[in-house]
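As written, the chains take the letters A, B, C and D, and residue 1 is the first residue of each chain.
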Amino acid sequence: MVRLTEEVHRLRRRFQERGEESDVWEVVQNARHRDRPYTLDYAERLFTDYVELHGDRVGGDDPALVAGIATYHRRCVVFLGHQKGRDLTERTHRNFGMARPEGYRKAIRAIELADRLGLPILTFIDTPGAYPGVGAEQGGQAGVIARSILALARADVPVVCAVIGEGGSGGALAIAVGDRVLMQENAIYSVISPEGCAAILWKDAGQAKKAAFAFRPIARACLDLGVIDAIVPEPPAGAHRDHDRAARLLDDAIRGALAEVEAEPAASRRSRRRAKFRAMGVWGMAEPDAAPAIT
Amino acid sequence: MAQISVDIERGPDEPASPHQGRHPNTCPVCSSHYRDDELVAALRVCRQCGHHFRLPARERIAQLVDAGSFQEAAADLRNADPLAFVDRKPYTERLTEAELATGLGDAMLVGTASVGGRPCALAVMDFFFMGGSMGSVVGEKFCVAADLAVARGVPLVAVASSGGARMQENVLALMQMAKTVMAVDQVRAARLPFISICSDPTTGGVIASFAALGDVMIAEPGALMSFAGPRVVQQTTGETLPTDFGRAESQLRLGHVDLVVPRAELTAALGRLLQLFAPSTDEPTADAPAPVPPPAGPMGWLRRLFGGAGG
Amino acid sequence: MAQISVDIERGPDEPASPHQGRHPNTCPVCSSHYRDDELVAALRVCRQCGHHFRLPARERIAQLVDAGSFQEAAADLRNADPLAFVDRKPYTERLTEAELATGLGDAMLVGTASVGGRPCALAVMDFFFMGGSMGSVVGEKFCVAADLAVARGVPLVAVASSGGARMQENVLALMQMAKTVMAVDQVRAARLPFISICSDPTTGGVIASFAALGDVMIAEPGALMSFAGPRVVQQTTGETLPTDFGRAESQLRLGHVDLVVPRAELTAALGRLLQLFAPSTDEPTADAPAPVPPPAGPMGWLRRLFGGAGG
Amino acid sequence: MVRLTEEVHRLRRRFQERGEESDVWEVVQNARHRDRPYTLDYAERLFTDYVELHGDRVGGDDPALVAGIATYHRRCVVFLGHQKGRDLTERTHRNFGMARPEGYRKAIRAIELADRLGLPILTFIDTPGAYPGVGAEQGGQAGVIARSILALARADVPVVCAVIGEGGSGGALAIAVGDRVLMQENAIYSVISPEGCAAILWKDAGQAKKAAFAFRPIARACLDLGVIDAIVPEPPAGAHRDHDRAARLLDDAIRGALAEVEAEPAASRRSRRRAKFRAMGVWGMAEPDAAPAIT
């Protein structure tokens, strides 16, 4: 027997009220919509001005992950985000938003720059996942993801993250560790793609809809689980229908979150951020001398 | 602790079962077959070809630390299935099966121990509990191990063996990557060493979080250490994979690992590192007039292994 | 400030003279020839092919900063030839020749200035003073520029143009690499940005010290930015060099540079960066109700250049 | 006219007493002697025990630059050094002690490890220079040298460096920035090799002897110029004749220097190290309205 708190029981009950499979799948499709605003679409609209930085200082520059310096409501910030492409040429150029180690090294460089200069960090998450190529693996994809998380964990400056499309696995999390993590209404966030999950658990990638319904990569679930701090509304029918309005809504949310974080004492920011993530996870306690089972 | 064949969750490219189509005590490389007691006595290393079989966590601890020194912590943490997750069978059922099969509450054991008389905090994963996948309990347990290291001022040692994050907990599993990385940062902030030992496999969200952040990175021979598994890489990119793709030996060559250490030498290697990192106040106070020359003999492997001064 | 052809010291693989076999005002790429006043008016950029001629430090400053804003510092530092160095001619004689030819005390001018109304500390090298080589005076002057940045709380901007360390000062020249890196660290510790602009050439001990450490790395088109020069690489290794070996464009592709900015756009780019980095207290206090849309028109190059929102 | 201090005048006079060309050249030859002890020869003799660390976490491990953890007189230290090979196979394997970017990245990693764990750093300098290959340049040789210097500059832990053979150019300096810099009697330290200097200034690499005599890469000159802190004696006729004795002499020097640095207050260590290097360099002041000349 596993002893659960009343809170965990409530959580489990909430997840048992599952809603409609088609509703979850619509969000997945919106999150991946090719007219959805991407990181640089928001950069154009949120920032008074910005300059992109390039390169990992090791051997490459990854167009799938952009970083730069910007003016955001009269303060200098550093931003970074995955970047997808809209037409076929750009989608290929941007590798469908799947970053390689050089991308995460650029991210780490930008994070360290921000921390050194005392600039807040804004991140935009929108990737199916880190690129699973031979070269990427040989270049240490796993290690750079871990070190990008570490760099964000260590930063003394405010970090506000926004999941704006697909928050896919470690490649997303690598730049999604912040004092506030926001998520748009039609964004998704998950440990693996619905297709990947279906392939493993249902032995059939075609069962993606079913998998998405089961593991619920949607904002509401992330909020219930304490993984994100707020859901950012989108224009009716999705951000892809009105980029300007989506940007204004996102701007309101980021601006508010950043102001909150800036108002908190800087000296303890890292330990507060660590405490926030430490609290993520749900578990029970084994009842002594009982058969293993959750009821 | 018998090896059992559970329907574990893996990286999408692991074979569908760790022993698919063969007995778990049959070497997948040279097909030598062993009795269970033979294999345990051989540290689950094939005497013929050196293949390292996967090692249950309790066997790993028994091999690695000073006898009787392991003090388990957070033993009563159990999964709570927060998402009430059901695929072809309920997550709760999988958890129950895994616990019954392995005798473990989840895929990691943590606590304190000593190795060669040197104290450390310890976190050891078990692949036989749902593919060693990392969910809420594994993440929290790793943090407990880090807490123990900091509280006692001792190094943290982790032995990873995992296909990655546990899908059945979705984003909560993903967050364990951030949580465990922050635990490593906490150990770093306390100026304590973290030694990461990667056994086969250490992939996905585990190698992309705490397991990659060792001050010293040790791998067992042949351990798969890729973020994406070989099958995913092959299917996604159509690229031809090198034969040693993601394996410990290529990770060493590519600069991602400090040492590849055979299991039989792991205890000595770990003890030596803990000795090197030990604060000087633990040492005898009389200063040696000259450095002690390295002994020859049975510890010669250490010289070979480390390119160093020997045992 | 006429261009002069001095017998400068260079990286061992630079051509023996920067204008070998041709008039300094003849474009080495397309052979267009210019009168001196034409070339100065064109910022010393070939109107035909865009080749960037090397720029004397005072011309650089005149192009880059707000008119009349440059206040020189440490102008009276002069080399002392500590090694009493003589090769085919005494170092002192080379110094005298260089000073007479360039009107400079050494290969770097430092001071404070403003760009687009934004204050900064400035260090500008001059290749025509002994190949822009870095000896004791250049190193000390760079440190003075860093001191000025820290004292005034303004960004540091460096424009490098150098074949590397100055051989005639041997280890003292080498130590300027450490000294200038430490000056950058001092600027970093004060949380001030350092913008490094590399013109042709920025090689050897200069690109391997302060010039590589810009928070933002800008290069002029075609600028050679290798540590070892192409000839040394070719002669030492026998390797075939890519045609753009070490050039700004390949350095951008390889991730070592943030921006390649044509000289005509450099002032605007620098001003824009200083504006971005400017503390918010310098801004009008009324918050704009919405971000200002980027203007189209003559500043469109900024969009192209930065992939950004435009000027 | 340039006004020089009396100290600079003294220095110039000392360098005008040039001694014998052959004496300088003998030191150059000793520094390069193939029986000379290399970094790992000293590691074997100076350390009670040590373990080498490997890899740059980016894509390679450079055998030309070794790093590790060691026990040095009952304390844990981090060491790093260039490593040459003795026989042809090993010399090729070690690339004649010419490190690539992966080597300097390994050095940076070791320095950061030491600083994080509060371990003193010992470095051994012995390289003709950083490797001037196409791949090394494309991998950012210049940048990693600068960042290695920066890492040593930033370390809060004691740093003791020893030039044990060839201290060639930026590739040497990259790991030679310390609170104390020692130099063996027969080691050389210079901004360029004598051959390279001759090729440029004399237009003839064959004039290396002459160049070495002119720019004096020897320990005595480095000490006079304030670039090193002490000269470490070698056994008669050079370290290559008696490795054990050379190691004992080096051990005495390093141990003493390290003890000194450890006794200094840690909080101001970085600023003292910076002040030490800031003082390196010799210059005069222009006399106003005078013709440019040094007399």
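Simple rule for what comes next: a contact is a pair of C-beta atoms (placed from the backbone, for glycine too) under 8 Å apart; a residue touches a chain by one contact, two chains touch by 3 or more.
Since we're looking at a predicted model, the values are computed, not measured.
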**Fill in**
Ordered by label, the neighbours common to chain A and chain C are D
**Request:** Could you let me know which interface, B-D or C-D, is made of more C-beta pairs in contact?
**Result:** C-D
**Message:** What's the farthest chain from chain B if centres are computed as the mean of the Cα atoms?
**Reply:** C
**Distance between the centres, which are taken as Cα means, of chain D and chain A, whole angstrom** = 46
**Message:** Suppose each chain is reduced to the average of its Cα coordinates; what separation in Å results between chain C and chain D?
**Reply:** 28
**Prompt:** chain B to chain D: how many Å between their CA centres?
**Reply:** 40
**Fill in**
Chain centres from averaged Cα atoms put chain B and chain C apart, in whole Å, by 51
**Item:** Residues of chain D touching at least two other chains
**Value:** 57-59, 138-140, 143
**Message:** Show the residues in chain B shared as contacts by 2 or more other chains, in ascending order.
**Reply:** 254-256
**Item:** Interchain contacts, given as pairs of chains that touch
**Value:** A-B, A-C, A-D, B-D, C-D
**Message:** With touch defined as at the start, can you tell me which chain D residues reach chain B in the complex?
**Reply:** 40, 43-61, 66, 68-71, 73-76, 102, 106, 113, 116-118, 248, 251
**Request:** Sort out for me which residues of chain C touch chain A in the complex.
**Result:** 188, 191-193, 215-217, 252-259, 272-273, 275-280, 283, 287-288, 290-292, 294, 306-311
**Item:** Residue numbers on chain C that touch chain D, as the complex places them
**Value:** 9-10, 12, 75-88, 92, 95-96, 99-100, 105, 135-137, 139-140, 143, 165-179, 181-186, 204-205, 207-213, 225-228, 232-233, 236-237, 239, 241-242, 245-246, 250, 254-256
**Contacting residues of chain D [partner chain C, same complex]** = 2, 4, 8, 11-13, 15-16, 130, 132-134, 137-143, 145-147, 149-150, 153-154, 169-170, 173, 177, 189-192, 196-197, 199-202, 211, 214-217, 221-222, 225, 227, 273-274, 277-278, 280-286, 288, 292-294
**Request:** Going by the contact rule at the top, pick out the chain A residues touching chain D in the complex.
**Result:** 57-59, 101, 138-140, 143
